[in-house]
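One chain, chain A, links the two complexes that follow: it is found with chain B in the first and with chain C in the second.
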Partner chain A sequence: MTEPDVREALRSWIAERNPELPPGEPADDTRLIERRYLTSLQVADLLLFVEELRQQPIDPASLRPGVFRSIDAIHSAFFS
Partner chain B sequence: MIDAPGLRWVPNGQSVLSGPLLGLAERLDDRFLSLAGRWDAADHRFPTFLAATVLERIDWFRSFPQLATFPVSLDPDEANLSSFTAGQPVDGDGRVRPTRFAPIRDVLTPAACYHLYDHYQGRAFDRPRYFTTRNTCFRREDHYVPLERQWSFAMREIVCMGTAAETRAFIDEATADIDRLVAGIGLPVRWAHASDPFFRPSENPQYLMQQVDPTKEELLFDDRLAIASTNLHHDHFGRAFDIRRDGEPVRTACIAFGIERWVAAFLHHYGTEGPWPAL
Partner chain C sequence: MEALAETVRRLSASSRRTYQNPYEAIAWPDDLDRRQWFTSPQFVSLYGTPAWESLDDDRRKELSFWEAVNFYSLNIHGEKALMEGLAHRLYQPGMEAVAEYLHHFLDEENKHSVWFGTFCTRYAGKVYPDRKVVFPRDHAEGEADFLFFAKVSIFEEIVDRYNVAMGRDDALVPVARQINANHHAEEARHLVFGRRIVQELWREWSGRWPDEVVDGIRSYLTAYVEATWREYYNPDVYRDAGFSDPWKLAREAWDHPATQGHRAAINRSCLRPLRQVGALEAP
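And now, the complex of A and B:
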């Protein structure tokens, strides 16, 4: 997947779970957890989705603070 | 194991304080209360029991079953009580030999601030609100250490209910105030990311969330003993207790002080008989 594809897939995943978001949101730098677009109930599902997108498993013990802060942060942590 | 005049250790995880040591504990709490004054935080004194339904709202029992302590009583049915008194109520090993229990509906407070979310449930605020409370808290542990890890201990908390920016500012201000306090008295401490002691953490999404979004910072004395913590809860309690701010679930944050642990830090750092720094 290209970088724009990854970003768009992540954006769609978040948007599906937050129907009140306007089209095009969240932006790449939107604070997902702080704005509550990503809650603790969804974070495990997002981890699975990221694994699917990059087709590689992620060890939950290796997760570092900030990796799910924004689409930018997710891309940088798992796709760069 | 620490030994100090005015400290009696009860090996089931409780301590008795008296004399100058009790005075130190009280002065520490007064100092924490004066920190709360910065925000005009209204003080609250809650009971020790908390309805189990309150903690069920935040799935506490599945997250921390190992910590729970319940107040139990005998089923008041006369035949049940007669049966209890006819036997040996307490055996030679100190174990109570109960007959039938009445239904258990309460839990002994595991953290002081839970009462505040229950107390203000259903409320709608149009400005930030600050509260403080102190309670005796109970946490079952697999081992105990005098003043440092107890089954029952005193906790002072200060809570902010507001917007995301207000709760963040509260944590920043509180952190700066605590830094000034410990610098003034010269305690060797540092802040560190921390997570709550979840049961089977790998199966708990809240633990995963704390890893990627650290919302808890602990003030470690001597690199090992957490004497205070700051906690940002996002809208966790606002949603669970329907507390709103401008129509949205309120954000909450708290700072907590373990009073016996502060006493322990003073005894380790300044000696068991004082003089201890002025607060």
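And now, the complex of A and C:
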């Protein structure tokens, strides 16, 4: 997948779980956790979605703080 | 909490009467032929889906082995969080009346993790990793304790439905049947305690919480039920069982009407205690 495809897929995943999102949200740098667009209970599901986009498992023990902060952060941690 | 005192005394006496050595309770074979049932077919996550229909008997049994490794792994992770929470609450102000039973609860959960961990490491060479992450957040007074015990109750009620059925399934390899039966024997007490303490904490606190806290608790627990069930559809299992696109299979299995019906049937009885007190809304 290209970088824009990955970002759009992540954006769609967040938007599907937040139907009340204003147009244009979330932007690539939107703080997903602070804005409550992403909850702790959704992270495991998001991790599986990222694994599927990469077609490669992720070792949860390797996760560093802040990797789910924004779409930019997710892209940088798992797709760069 | 005083209303719990009699339950605590009764459960503690039962725990002492049936105290067991976790290293003697299960007969562990040196190795296991995977062409046997380790999970009852109706509790395999793909049961009733086209993927299940596509498998021959040997591959279904192989899948049932990895499903058992997942079931025991998610129990290990659930019990780690449970033990942390129980230890944190030992002799905590407001929890003095239940401290006696928290010791037994903690002790028994540790024993269960010995059984689950022994099976996973001895026969699979691994425990599946935990994907759960906790973001720190603020709570209203009494909310963290209530959520802790409500989550324990949800997790253990679901697990127990599996344990009860598989502990009686003569088609299962003996070690799997024993793990499920022994786990149920001690969990039965934990379920009684969980239902009572959830009821007591809700009665004590819910009237004092503002509406937004009560609504937040209901939303959170609804999401927790879904997150708990998601762990039963683990792509790691499907990869180890030889499926080529495990993530797609996990999504398809989750969405299939057969698995939706399975979860709904178990939720009906498992979530009743929380629905009766009002902490969860009816579906």
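By definition in this document, the second predicted complex is superposed on the first by the 80 of 80 C-alpha atoms of A that agree within 3 Å, B and C clash if a C-alpha of one lies under 4 Å from a C-alpha of the other, contacts with A are read in each partner's own complex, and residues count from 1 in each chain.
We adopt the following convention: a residue touches a chain if its C-beta (ideal position, glycine included) is under 8 Å from a C-beta of that chain, and two chains touch if they have at least 3 such contacts.
As the structure is a computational prediction, the values presented were derived from the model and not from experiment.
Peer 1: Specify the outcome, clash or fit, for chain B and chain C once both structures are aligned onto chain A.
Peer 2: clash
Peer 1: Quick one: classify A:Leu63 as touching chain B (first), chain C (second), both or neither.
Peer 2: In the superposed model, A:Leu63 contacts both chain B and chain C.
Peer 1: Once chain A of both complexes is superposed, is A:Ile33 in touch with chain B (first), chain C (second), both, or neither?
Peer 2: Touch status of A:Ile33: both partners.
Peer 1: Which partner does A:Glu52 reach: the first (chain B), the second (chain C), both, or neither?
Peer 2: Touch status of A:Glu52: second partner only.
Peer 1: Applying the document's definition of touch, where does A:Val43 land relative to chain B and chain C: first, second, both, or neither?
Peer 2: In the superposed model, A:Val43 contacts both chain B and chain C.
Peer 1: After fitting the two complexes on their shared chain A, where does chain C collide with chain B, if the options are 25-33, 43-51, 79-87 or 223-231?
Peer 2: 79-87
Peer 1: Considering each complex separately, which residues of chain A are in contact with chain B in the first and with chain C in the second?
Peer 2: Residues common to the chain A contacts of chain C and of chain B are 33, 39-41, 43-44, 47, 60, 63, 68, listed in rising order.
Peer 1: Under the touch definition given earlier, write down the residues of chain B that touch chain A in their complex.
Peer 2: Counting only chain B, the residues touching chain A are 164, 193, 202, 205-206, 208-209, 211-214, 234-236.
Peer 1: Chain B touches which residues of chain A in the complex?
Peer 2: Listed in rising order, the residues are 33-36, 39-41, 43-44, 47, 60, 63-69.
Peer 1: Which residues, counting only chain A, touch chain C once they are in their complex?
Peer 2: 33, 39-45, 47-49, 51-52, 55, 57, 59-61, 63, 68
Peer 1: Show me the residue ranges of chain C that touch chain A in the complex, using the header's touch definition.
Peer 2: Within the complex, chain C touches chain A at residues 129-135, 220, 223-224, 226-227, 230-231, 235-236, 239, 247-248, 250-251.
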